[in-house]
Amino acid sequence: MIKLNEIKRAFLVSAWFIFLTFPIMVIRINPVEHIVEWRWKNMALVGIGSFFLSFVWNYLMKQKEPGFKKTETAEKTDTIPPLPPARRIQREKRIYIPALVAIGTLTIVFPFIFSMYQTNIMVSALIYIMLGLGLNIVVGLAGLLDLGYVAFYAVGAYAYALLNYHFGISFWMALPIGGVLGAVFGILLGFPVLRLRGDYLAIVTLGFGEIIHIILQNWNEFSFGPSGIANIPRPSLFGIDLSVHSSTIYIYYIMIGLCIVTIFVVNRLQNSRIGRAWVALREDELACQAMGIDKAKTKLTAFALGATLASMAGVVFAAKTTFVNPASFTIWESIIILCIVVMGGMGSIIGVIAGALVLILTPEYLRAFSEYRMLAFGTMLVVMMIFRPGGFIPDVRRIYKFEGVKSMDKS
Amino acid sequence: MKSCFGKVFFTAIVMAFAVSIMPCTGSAADTIKLGIAGAHSGDLASYGIPSVNAAKLVVKDINAKGGILGSEVVLLVEDDVCKPEVATNTATKLLSNGVDIVMGHICSGATRAALGIYKSENIICMSPSATNPPLTQSGEYPNFYRTIASDDAQARLEVDFALDVLKAGKIAVLHDKGDYGKGLAEFAKSFIEKDPRAEVVLYEGVTPGAVDYSAVVQKIKHSKADTVIFGGYHPEASKIVMQMRKKRMKTCFISDDGVKDDTFIKVAGKYAEGVYATGPKDTSSNPLAIAATEAHKKTYGTDPGAFFLNAYAATQALLNAIEKAGSTDYNAVSKALKTEYVETPLGKIKFDNKGDAIGIGFSIYQVQSGRYVEVK
Amino acid sequence: MDYFLELFLGGLTRGSIYALIALGYTMVYGIIELINFAHGEIYMIGAFTALIVISVLTLMGMNTIAILVIAGVVAVIYSSAYGYTVEKIAYKPLRNAPRLSALISAIGMSLFLQNYVRLAQTPNFLSFPNLIPDFEFIKPYAHIIGSTEIVILITTAVVMVLLTILIKFTNTGKAMRATSQDKTMAMLVGINVNRIISITFVAGSATAAIGGVLIASHIGMINFYIGFMVGIKAFVAAVLGGIGSIPGAVLGGFILGWTESFATGYVSSDYEDVFAFLFLVLILIFRPAGILGRSGKHEI
């Protein structure tokens, strides 16, 4: 039940927000024309909105608190189901296999039932899935916050564009070369930042991303500057040049293939020695070193692998748009990729795929609201972090049980 | 609570698919579909929105008169946020919706990315604002036209003005590192280098959005340049001009279309006096231009923004060509664009073989007592 | 030599701008070890609020000095209120969460505030009036340094001294230091940790607002995006000087300002940001705690 003091509190919150948003929301100025416009309607909206949101906020906060304090008892009650539906589907073979078959069929026939536009934006989404999975290795698994991830994406895109321009190298040659170049850049970035922790690392990687962006923008002789490189060929199928429509379908299948390979690789790596080393590194660097894990090597592999994936996605990006310029590789791109990983669920493959699909496809279909896209992203980041830090589909902690040792599985 | 998120998420997916199927349905046969693409949201929306308004006004007039060749003109407005990667999606979306002809893409980068797609599907595309020279001059895009002069024409005018009128000897060329500004600066630099009368003493890019430009201004001073040519937009230009004038430098300042905006004068105030800028030829005496601006004021209640008249002219030119060609056939419309003159707010125009408009030019303007005045 | 001196002074102004913003960053980081990405946005909101107040008061026909004072005060109040609210909404619930969560929440807040101002106000640049009158005594030297620059320099120095006094010599300051060392212990000895953190945010946001008004008046125009790049630069400055240290933030700001100014003057402004970031990487490799920073417990 809503108590009286809760209502009082909501009133206070609402009054506070009316005060807070008063100058920005209500008054709109035009210093050039010297016009001041008063928008009282907004004030009412803010007041009513914050009044109700404060109830929602309080309710959610209350939901969160007991879950935090007494996990053991909460698990026995019915308030929190043992497994979220998405996770349950994964577990139960009876749902899991038909679902996989259905999704598989859908992905294969997709370009034939939907228009070229649908296929095209699906390719974009697939590119972001690959980027998300790559960043997931760095941020989700190894816990290294990389705010300059877009730099590697740019490396791949420019690698194909430039190699093709100067040497006429084809897409299929450029893909592995781009991957290797990405790895090299990943290690190049990795070395100097080996000693840095979380926040410092974030700011240095951000700087690295900016440096790559600035170099691409300014070094005309190398990268053709801000006007970019046009006429990058789309991938050819056994030497046959395809029309736009069929090559979009072709790129779609290439991307599906790459994504499947990526998922396979990441999935295998996650359960491997190096994967567990990443997670250990994320949880506690000191303890991890004490266990005899080579910190430098582990971090560098994470960077290199993440960079390779981004770089290969970059090659496909260049082939898809047939045009690259530095404007596509700004810090906001890094932040969107980070959003994908965080929304989807750090460390969780299905989560990242879901995150990429939702974050990339929704704005395409809701173009009318594109003004509010960044606002929504910002809100989502904050709300997700507070109420659901694990993302849409959180990663499940792998629990290693030792028979007979009861105290182990509690941690 | 937690399970809710899962449900919400699945609902979102289902909705996404539901929405995705919708655009496939519903396409009438006897309409002419005019695609309008450009930045309609985001940072550069102020350059794209006027073109949508222009197209709406033209099409409203034409439909009121019974359309073209007896069929109604329908607008397909799509946003590309000025990003190349989004522009390809925009282009494919327009194609999927069966567009006949496209007026648009505002930014040069986005235009280039989209043109590759239009070209292979034989769709004619006309931009009101993409000034990058290779778009027409490279000959790679026979389907591309524009109602604005290209960057090199603008740079040529700036350099000629600096050399012939201002008798500049030492010129500093600055740019904002952007697509538009740097392209223009590159041309200005190469034109000056080819001319024995002057030399480029400084060629630099400034960082847009930096807190101050005092170091660059110091450098201009140190280089003893008597003229500065700046390629870029007005926020950076006004900061540089203000700092130069505060340091009591009397260096002439010549800039481009991106600066020939009243906001520049209002921001820079008294410091703007004497600044030169190139801009499209003065059309304020053209009755069509006056009518178009009036129509905009009447419908939207504000003054039209940048590239409004260019977009107005582009829409008229495209629709006129379809009418003259008698169909939306690619070859016929191309031929009509190149042969038939059309009356637009920018004057009487047709297009040359490369796709640049004949009859559209630039003039030099100077800020005099708070207003841009054409320099004859 | 003159050229060198001018670049030096230019760097000094630019540096003091960074320093003024870096002070708020460093205070917040010192106490809860969080890169407050939204700090740049608080600065932007300060500038916007001031501009709104100025416009309204000018229409009412007040005199300049009164407008300047009122605008400054209102900007400080509003920025502090925003700082306080941002902390309560986006950071407080995450106090016990992993550091990464708080950082991502901060990035989200920064995005939100930017777009909030963009949508509620305008995406375009607005001109900001020059509030600081030209001092008579500076007129002969106006080509070297302007009065706004001098006011910024003095303000930075004053704010630095005030913050140092606050932290070193007051009870609140003592509580802040205790909180930054160990929150649980601070709570045990009777410090209201939540209150102390709020005070830190309010103080940091107030300095950001002062910076916002002065810098906007120096640059002459604002838009919703001005906070982001300045915020990042200021953070770089704070890290350079040793994050958590008040004099370090100011020193870092000046060093960054000079690096950029000399890089532009002697090399090219094309690469000024590259130099700034490379310098940061170098400093961090050789002194991971920054120039004035103490090697803390976390260094490995």
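Per-chain numbering from 1; labels A, B and C assigned in written order.
Please note the rule applied: a residue touches a chain if its C-beta (ideal position, glycine included) is under 8 Å from a C-beta of that chain, and two chains touch if they have at least 3 such contacts.
This structure is a prediction, so every number in the text was calculated from the model and none was measured.
Peer 1: Taking each chain's centre as the mean of its CA atoms, which one is farthest from the centre of chain C?
Peer 2: Using the mean of the C-alpha atoms as each chain's centre, the farthest one from chain C is B.
Peer 1: Write down the chain pair with more C-beta contact pairs when A-C is set against B-C.
Peer 2: A-C
Peer 1: Per the centroid of Cα atoms for each chain, what is the distance between chain A and chain B, given in Å?
Peer 2: Averaging C-alpha atoms per chain gives centres 33 Å apart.
Peer 1: Where the CA atoms of chain A average out and where those of chain C average out, how many Å apart are those spots?
Peer 2: Whole-Å distance between the two chain centres: 29.
Peer 1: Calculate how many whole Å lie between the centre of chain B and the centre of chain C, each centre taken as the average of the chain's C-alpha atoms.
Peer 2: So the centroids are 37 Å from each other.
Peer 1: Using the touch rule from the top of the page, what residues of chain A touch 2 or more other chains?
Peer 2: 32, 214, 218, 371, in rising order.
Peer 1: Hey, what residues on chain B touch two or more of the other chains?
Peer 2: Expected reply: 42, 177, 205, 263, 266-267.
Peer 1: Of all residues in chain C, which are in touch with two or more distinct other chains?
Peer 2: 127, 270, 273
Peer 1: Inside the complex, what are the residues of chain C that reach chain B?
Peer 2: My answer: residues 3, 6-7, 9-11, 13-14, 17-18, 123-125, 127, 142-143, 146, 215, 218-221, 223, 225-226, 229-230, 233, 260-262, 264-265, 268-270, 272-273.
Peer 1: If you look only at chain A, which of its residues touch chain C in the complex?
Peer 2: Answer in residue numbers: 16, 19-21, 23-25, 27-32, 34, 36, 42, 61, 64, 68, 139, 143, 145, 192-193, 195-200, 202-204, 206-208, 210-211, 214-215, 218, 285-286, 289, 335, 338, 342, 371-372, 374-375, 377-382, 385-386, 389.
Peer 1: Of all residues in chain A, which touch chain B in the complex?
Peer 2: That would be residues 32, 60, 63, 79-81, 84-86, 114-118, 120-121, 124, 214, 217-218, 220, 225-228, 230-231, 243-244, 248, 317, 320-325, 327-328, 354, 357-358, 361-362, 364-367, 370-371, 388, 392-393 of chain A.
Peer 1: Under the touch definition given earlier, write down the residues of chain B that touch chain C in their complex.
Peer 2: It is residues 42-43, 45-46, 177, 204-207, 209-212, 214-216, 218-219, 221-222, 234-235, 238-239, 242, 246-248, 263, 266-269 of chain B that touch chain C.
Peer 1: Which positions of chain C touch chain A when the two form their complex?
Peer 2: 29, 33-35, 45, 48-49, 51-56, 58-59, 74, 78, 81-82, 85, 89-90, 93-94, 96-105, 107-117, 119-122, 126-129, 232, 235-236, 239, 270-271, 273-274, 276-278, 280-281, 284-285, 288, 298, 300
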